[in-house]
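Note that the chains are named A, B, C and D in the order they appear, and that numbering of residues resets to 1 at the start of each chain.
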Amino acid sequence: MAEMRILEAGNADYLKVDPDGYRAWVREHKPHQMVSKLMNEHEAVEKFVHDGDYLAYDCNYFQRGPSSLIREIIRQRRRRLWICGKFTYVACALLVEAGCADRIDIGFIGFGPWISRAVREGKCKIYEYSNAIMTLRLKAGAMGLPFLPVRSFGGTDGFARSGCKLIEDPYTGQPIILVPAINPDVAVIHVHQADEFGNARVFGTGIAHQECALASKRVILSTEEIVSTDEIRRDPSRTSIPHFTVDAVVHAPFGAYPGIVQGYYASDPAGVIEAMGAMFRGDFREYLNKHVHSVASHEDYLDKVVGAKKLAEIRSRETIREGYSA
Amino acid sequence: MSTPATNFNEREHVICQVARLVEDRYIYWVGGGGEPLSTALLAKRVHAPNLQYLTEDGVVGPEALVPFDPLMTMISSRANYRALQWATMNYAADIAHLGYVDYGILNTLQVDRYGNINSTVTGKYEGGEGRRFGGPGGADTIAALAWRTILMTDQQKRKFVDRVDFISSPGFLEGPGARERHGLPPNTGPWRVYTPWAMFGYDTDCQLMLQGISPFVSVDQVLSEMSFKPKMAAQLDILHVPTEEELIVLRTQIDVAGQTTDRGRWIELRDGKYMFADQ
Amino acid sequence: MAEMRILEAGNADYLKVDPDGYRAWVREHKPHQMVSKLMNEHEAVEKFVHDGDYLAYDCNYFQRGPSSLIREIIRQRRRRLWICGKFTYVACALLVEAGCADRIDIGFIGFGPWISRAVREGKCKIYEYSNAIMTLRLKAGAMGLPFLPVRSFGGTDGFARSGCKLIEDPYTGQPIILVPAINPDVAVIHVHQADEFGNARVFGTGIAHQECALASKRVILSTEEIVSTDEIRRDPSRTSIPHFTVDAVVHAPFGAYPGIVQGYYASDPAGVIEAMGAMFRGDFREYLNKHVHSVASHEDYLDKVVGAKKLAEIRSRETIREGYSA
Amino acid sequence: MSTPATNFNEREHVICQVARLVEDRYIYWVGGGGEPLSTALLAKRVHAPNLQYLTEDGVVGPEALVPFDPLMTMISSRANYRALQWATMNYAADIAHLGYVDYGILNTLQVDRYGNINSTVTGKYEGGEGRRFGGPGGADTIAALAWRTILMTDQQKRKFVDRVDFISSPGFLEGPGARERHGLPPNTGPWRVYTPWAMFGYDTDCQLMLQGISPFVSVDQVLSEMSFKPKMAAQLDILHVPTEEELIVLRTQIDVAGQTTDRGRWIELRDGKYMFADQ
């Protein structure tokens, strides 16, 4: 038998690669049949986000992200989460500062005093990747594979602190990087439209919503609109996420606030700057009190903290509809 | 019209430098915000109307509506307006793997003699002693897979270091052949570094080489803001200042609120010479 | 350095795996800039399909396939083609019987006396894969990678006659199959809509049209409709194939005849049965004379052989429009 | 209503057998035509209205409009009508890799003692001496990745062989543990083989086991149409004949032109016994 050399390997911990275990999970726990999954965010997070989970959110707190679900996770005081920290401004900072997360695979995350402090104090362990390496790891998980090859990341200092390997390609004989698959314990994803079963549509560009849904053991969708399954069937090419991957569907209008949902509403610059300011100051206490703990639910939050006037304004500031409907 | 401007700041100057390199006939992957995105937005409005660029969210060839709300440079209806294609991050990475990305445009916290890029930590990595930053983001993919990478940064000693504190995204790594040894595609890598004061290329040993300076600084000033001595080109270009047309577009359309350009010193034309206004 | 074992390897020839060579091709020869590529099928095939090429078509002669381009390739008497024979009824039979092709990677192809004869007489060499292994090989090529892992195909007699390898997964320690990438010399793909630059839309399900376009050195699109680039930009999520992958755009209404283009026209059962009949009889001479050599062009073919009445009939028999427009 | 039919043919009989196994609560990948697709179309109309199946072209859960034009069973607006999702072949393969496909339903040219599937060649492979067929198509992916695979074929000596002439798609290969040794996921593989005459399962040694026979044949008749002696279940089921309701749907909606079912011998109820009409 011929051999291939493993030329280098990162030395960091990474989520265990177990495609067989994931297949068994899918067989046992995923809802293969069409069953309604409508529930509120409290129930969804209570049921499907557990202490110690590996958590992936798609997009981020400012851009079509599951912001209301992130606030609910903090409200329910989840602990020891390991975060997929790709393409992120404040979500990781919020989750770490709120005491919910203690490990992050990076990607890119909004920085500031909080992170150096968290690392120095050992409150948070960081594993080094890049955005597209993380989405590729999710893609490997979404393909039911243990790894995928890639032609970036080699030679970086991140590589040495990752779970990646540099091997000899058995076809070309040249060195090539392998990235380990991720199958997150739970994914939270915000979409434009979903039916009660979880067949969902995302309009416009995205980061890795389909990969997150296919790769994750438990999937919570928050959605701007609930549509009928007939509407889904009217344009099957628009289905980004199929129902059988989904465990919970939460109807969350303005669920991405203070972020944008392209085609539906604009971001709230004041809300964005308020969160970024807290991050750069390195103190989220005030932000968390006002935006998370002062209210019991997203509905409550929109009503008491954000207010109808603001919602009307960001809705009207989004003037572009083209391409954001089926 | 291309009247040389008489009054502009460092950030405006460097954005205009890089924007002038951007052409209709190539495909660009630009860092999704700040100076890199501004160079594409400016070029498309001034001299490259058919410019095609990607950003990390998998947008292909948008006709962006500027200006943007703060941070709304991707996954955004204005930034992605009337694109040729909307996809996702892994698709953008596939396009780059295939060799379609002629140029990547990035900014960096720190760059070294081999063009390696640090956006992770300054100072010591271990134990969180250093100052921690956000990580490579999309830059690792761009720097690995684009045929040529253009870096933008400031002319400061702490930014030009002999060896970056952490290689977040690959330059030439340890030098000739190193990229290939680490699995990156051949004939790719760093091409230019632009600062408000200077323009650098690389010599055949993959080492940073000073190729041009701005009219408002001297070579000594540039070298005094580097922690190592770069290779020197046989002849140094004098970089052209922004044109009035470029500045009007930049100030009135792209960066109306000054989110990107409202930093750095001002330069003015005084007695036929460009110099710092505070000088 | 650790080692990984190659447990088994197929012993067949396969198209050389060369991602670096493909990158160089893309840099040098692909039209990065937006340039018009409108031309007729004669010019497109003359310029971009060469003797000895590895040829991939997407879908097949009966189902949204580039049937008019396949007829043109035969008309121009290309020789020694190596065919990507996935999901195929008669296309391989036509190309082999017409003397155009002498190697096939299979997939699935319509069989009959012709193939046993061609193999026995050494007129055609066959390499054994399966449909999804072939689309995965194209996907590897479309990702710019030398290989992809897969969890099927192992243990088959096809594996031993393929270019696949069974290796020890460095993450799980378990055996896993690798498939070699394909970057075809040329792909011919039929689409619903394209602009003059090659930005194209395929509606409904497909086999691997995007993979074929991204993976192939030269790409010829035939399209039912030419649309404006403004129309493409109106709904960017519908763009299946980006212009920079495309070398030629051929306006070919009814280009899939006798096959279906879902949402546009039905198949012609008589035309389908005529081709299948020739294949099962093992004699295409009559079919080729009537459907290929008796005419000079696709336009000519529709006019003289198919006829306006038939075209009106298959158009009217396709009553479903839902989901087949932007 | 479920009145046992008194007149039907072998093909109708076997389609009804398999259709009865098909349930709303599972996800199926069915071979894209012929008997396998007919079983799903029939089940959806008779007892599993919410049935979800995939075919190779990446359709998920269509509400197909039957009948279809000849061969128009995939990439077709009627076959894929009002699906939950439209995608492509690699997507279907991803879904199967992930373990979402509970059952695969396939037909085969030849099957052996270990459930291996041949759709490539009968007789000698080398030199084209044997008779060549179309290849595995999608069956390899389904047989490798579905949790359970249901095979449909005819009860003929040349179809039930000790070792298939060519393993196009994997059964249990050489027996227990072989699939895993060749990289296939654990706990997957052949589950049932249905012919118009009989139903087979597998024993713990992964070997074909006769479990049921049709009321119009004897065990000896079944064994006489096999090239090897299968394991025998302790008790043999007698398979139920089609119901009138099933046949009406099959004949008037799904296979109006008899493209799939218009082959094989006819069976009738004579003096309270089911027997071949030509007998």
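Note that a contact is a pair of C-beta atoms (placed from the backbone, for glycine too) under 8 Å apart; a residue touches a chain by one contact, two chains touch by 3 or more.
Please read these numbers as outputs of a predicted model, since none were measured by experiment.
Of all chains in the assembly, those touching chain B and also chain D are A, C.
Looking at A-D alongside C-D, one finds more C-beta pairs in contact between the chains of C-D. Averaged C-alpha coordinates put the centre of chain A at 41 Å from the centre of chain D. Between chain A and chain C, the centres computed from C-alpha atoms are 36 Å apart.
Centre-to-centre, using mean CA coordinates, chain A is 29 Å away from chain B. For chain D, the set of residues touching two or more other chains reads 59, 80, 82-83, 86, 97, 185.
In chain C, the positions touching at least two other chains are 19-20, 144-145, 150-151, 174, 176, 204, 234, 236-237, 322-323. Because contacts link the chains in a way that matches no line, ring, star or complete pattern, their graph is best described as other. Every pair of chains meeting the contact definition is listed here: A-B, A-C, A-D, B-C, C-D. Contact residues of chain C toward chain B in the complex are 19-20, 22-27, 30, 32-34, 142-145, 199, 214, 229, 232-234, 236-237, 239, 242-244.
If you check the complex, the residues on chain D that touch chain A are 24-27, 50, 52, 59-60, 63, 80, 82-86, 94-100, 102, 147, 185-187. Here chain A touches chain C in the complex through residues 1-7, 9, 17-20, 144-151, 165, 167, 169-172, 174, 176, 178, 180-181, 203-204, 234-238, 322-323, going by the rule given at the top. Partner chain C is touched in their complex by these residues of chain D: 56-59, 65, 69-72, 74-78, 80-83, 86-90, 92-93, 97, 120, 125, 127-141, 143-145, 166-170, 173, 178-185.
By the touch criterion given at the top, residues 59, 62-64, 85-87, 89, 106-111, 115-121, 126, 128-133, 135-136, 139, 150-159, 166, 174-177, 204-211, 260, 262-263, 266-267, 269, 272-273, 276, 318, 320, 322-324 of chain C touch chain D in their complex.
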